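To keep things simple, chains are lettered A, B, C and D as they appear, and every chain counts its residues starting from 1.
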Amino acid sequence: MANRRLRDRIHEIVFEADTPTGKLFDISLLILIVLSVITVMLESSDEWNEAYHNFFIILEWIFTIVFTIEYLLRLWVTIRPWKYALSFYGIIDLIAILPSYLSFFLAGTQYFVIIRVFRLLRVFRIFKLGKFLTEGDQLRRALIASRNKITVFLFAVTLLVVLIGSVMYLVEGGSNTGFSSIPKSVYWAIVTLTTVGYGDITPQTSIGQFLSAVVMILGYAIIAVPTGIVTNEMIGNSGAKFTNTQVCRYCTREGHANDAIYCKYCGGRLNEEA
Amino acid sequence: MANRRLRDRIHEIVFEADTPTGKLFDISLLILIVLSVITVMLESSDEWNEAYHNFFIILEWIFTIVFTIEYLLRLWVTIRPWKYALSFYGIIDLIAILPSYLSFFLAGTQYFVIIRVFRLLRVFRIFKLGKFLTEGDQLRRALIASRNKITVFLFAVTLLVVLIGSVMYLVEGGSNTGFSSIPKSVYWAIVTLTTVGYGDITPQTSIGQFLSAVVMILGYAIIAVPTGIVTNEMIGNSGAKFTNTQVCRYCTREGHANDAIYCKYCGGRLNEEA
Amino acid sequence: MANRRLRDRIHEIVFEADTPTGKLFDISLLILIVLSVITVMLESSDEWNEAYHNFFIILEWIFTIVFTIEYLLRLWVTIRPWKYALSFYGIIDLIAILPSYLSFFLAGTQYFVIIRVFRLLRVFRIFKLGKFLTEGDQLRRALIASRNKITVFLFAVTLLVVLIGSVMYLVEGGSNTGFSSIPKSVYWAIVTLTTVGYGDITPQTSIGQFLSAVVMILGYAIIAVPTGIVTNEMIGNSGAKFTNTQVCRYCTREGHANDAIYCKYCGGRLNEEA
Amino acid sequence: MANRRLRDRIHEIVFEADTPTGKLFDISLLILIVLSVITVMLESSDEWNEAYHNFFIILEWIFTIVFTIEYLLRLWVTIRPWKYALSFYGIIDLIAILPSYLSFFLAGTQYFVIIRVFRLLRVFRIFKLGKFLTEGDQLRRALIASRNKITVFLFAVTLLVVLIGSVMYLVEGGSNTGFSSIPKSVYWAIVTLTTVGYGDITPQTSIGQFLSAVVMILGYAIIAVPTGIVTNEMIGNSGAKFTNTQVCRYCTREGHANDAIYCKYCGGRLNEEA
């Protein structure tokens, strides 16, 4: 009985953020995650690693043990542990601690703990940032709605860069070490078309520079397309936001235009004071 | 008679993707095309070519022979062979196999087989991605509708880069080997205005850097124009998608939503077969 | 009494721009600010500083003394000096003169006077560019309205670049000095995703270049999102600009154009004082 | 009399493009202008200039003489020569020939003949590309309508880059030769914020790279603003295109909304079959 009540208590603290203790727990957790990610990032830097190697190792193990305890607690207090274990957060929580243990057997795996950044997604839930979730949702819906157009667009861009890369390989390949193979030339085409322009590979011949100029101006026009797609979807989406709140008194359906006088579904007269 | 039935059978397999055999054929073809393109790309890389030269040559000939047989089959089973031979896919299919044969006579032509990527456009037909074609079509229509505006825009940009390039040649030409001629300076202007920014040619003098800064901020504003054009067209296009040509029989007004059953102005029932 | 009238006079000159003297004062002030900012910029350049060091020092002190006198005058003529001192412009005015005095004690602080550029914001008030303020306001409102979406977007981008940076560190870290630590790789990811593309760190391995290409095309699609967000808000905002709150007295319907004199639904005359 | 008829004839040929001779003249002129611009561009290249120096000089003089004769003809056949001389095309035509003559006195001025590219603007008139002019006009109107917003935007960007440049100078100035002065750092800030990213100046310190990353992500969000402005204006503009063509029978004014039943200006009932 006491055990059960304890589990309920812990569930409230670990999973919910409504009580002060629950909120404190969640915020501490977020801080620990951020600290843990920063530790891994600094550890990867030779400069810092040489100076504080042991300190980082200890810190890393403290974080891992804390996150392991937290994971076990979550499993214990959930009524259906498998449901949590197989949920999005459950999987993230597990693979956020695994790499540290795996690093006993495989060197280098400790860097995979960087996956912990995904645990930060809880931030929205903790701070009741539902509003943000709605916004994120709206963004996601706009992207999903444009999915097909974006697929066609990416397919067309892929064909284009393979073609441009091959042509540039034929033009520049002989004299320019940057364009030494078609895959490298395709890489150059992507770097150019997306206007990233590292400059690690650049055309040297006049004809190559002329072709590049054409590619750039093309990219200039092409970059407008995904923007147009997403903007278009967002406007469509938010357009729905502006529809009026009139509800038909006869069939209780909504979604009427602003200038509607009669219900478009049942023909009943709408309230005029809408 | 048997011959004719065989031709019908093969036509079904080669040209259509509705039967399991037809679908299998088309998918195998797509995989072969992708493998063939990858082979050419790897062959162009010295590293890979040295290690697997003979393997690539053999592979390349296998692909060419398979595609040649497929091309001849297509010609044979079509009732009007010339119609296929002169269609978009027919021409692509032909020039996708020609370079391999030409490479006997002209070295280097084997790279032109890269044109095979265009055969991949069949992917939409094979997987019945009609939906994607509609989307692609919508994109294409938006681009076609903006054609005039884009032409005017590109014309203006061309005048601009010639002018900017010439001014920069006068300013930087003397001291900076990058701006050694007007065409090179125009190339620099395009690299800068499109925000690619390789950095292979950069202004060195104070006045040159100041002018570049002006050009960049200009480019910043200019890049907004094609985006605006395309977005505008897309909104116009998709807006049209939602209009509905229903006219109320009682009050003869239009502008009804797609799901309207009753006229929103007078409450009269709309024709159902709209 | 004379004192008070003098304060009134000075208040008019210093704070207002309606009288010729006031306008003259404000324009002189703007010119002084621009000159002062240019002085600091040139002073930072070794070349110029060596040639005109003493001249710059003297000029800098003249500007500081003038701005100090102006600040004290403003304090003196204001009826509630603290209100001015704690206002946006009051604080800017103060921190625009402090660094020069601080440079007695701390070397290098003189460059902070660059904050004086913010004093230029007065330009809108002086030239009665209210129209511009409205425009700026509209921009600001569009940005504020998109705040939540932009926060979600930036949060997602941050997670993404940490992840991409870590993966690239694992891929390129061994052989490429550019990707020597995760923070540097994250820096590279940001440089690439935003399409800035300095080229100071570039992938060298084939797999690294392939991943970069994916990141770039991703960035290509992602850059469309903030544009969509802002455009969407601006359209929403300016749409609102055209609506008009007039309601017809005869049929109580709204949605009239700004230049409407009669109701477009019933033909009744609209209130003129709308 | 014969003189006058000759002048009329020449006027028709030189100024108009409706008759076959007039069209031939104009097209020849366009070709000459393009050839002349190409000549100047090639002349500026050391490689080409060494090989064909004399040829270029002769060509250049032929073009200059032809354009001079054409200019004098235009002056002669116009009834009010000053009106032409002071018109946009008149001035362009003059300064397109002046540099060649000036090059007797001032070396290097011959490159200014590049201004001839502006004569190409006639292309729209010659080919009756009125449609394009309308489009260009629409673009121009969208840009003019966004003028105020763009001014505010550029003013804000200027303040921002001065500030960012100064901060980066303080951070990187000591150790990095690229950030050797505030103007150079401001140049870097512009290169970065506009996502051009040459890479000729890049941050070296950790704190500098962190700040740059912030600037880039900022630039990412900021680039959305001009796009939003222009797109918004274009939508507004083309929106007007869709307004209906109803004209009030009582007051003959147009610009009515699609759902208008009564004239919004005079209250008269509009035709229903609109």
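What to note about this one:
Note that contacts are C-beta pairs under 8 Å (C-beta built on N, C-alpha and C of every residue); 3 or more make two chains touch, one makes a residue touch a chain.
Values in this document were obtained by computation on a predicted structure and should not be read as measured data.
Centroid distances from subunit B, each centroid being the mean of CA atoms, peak for C.
Interface comparison, A-D versus C-D: the higher count of C-beta contacts falls to C-D. For A-B, the matching interface among the pairs A-D, B-D or B-C, defined by over half of the contact pairs being the same residue numbers, is B-D. Annotation: 28 Å between the Cα-based centres of subunit C and subunit D.
Once the centre of each chain is set as its mean CA position, subunit A and subunit D turn out to be 40 Å apart. The set of subunit D residues touching two or more other chains comprises 183-184, 186, 195-199, 223, 227, 229, 231, 235, 259. A complete topology is adopted by the chain contact network, contact being made between every pair of chains.
Subunit C meets subunit A in the complex at residues 148-149, 151-153, 155-156, 159, 162-163, 166, 169-170, 173, 180-184, 186, 192, 195-199, 202, 206, 209-210, 212-213, 216-217, 219-221, 223-225, 227-229, 231-232, 235-236, 252-253, 255.
Across the complex, subunit D is touched by residues 37, 40-42, 44-48, 108, 111, 114-115, 117-118, 120-121, 123, 131-132, 135-136, 138-139, 142-143, 150, 154, 157, 183-184, 186-187, 190-191, 194-200, 223, 226-227, 229-231, 233-235, 238, 255-257, 259-269 of subunit C.
Residues 195-199, 227, 231, 259 of subunit A are the ones touching subunit D in the complex.
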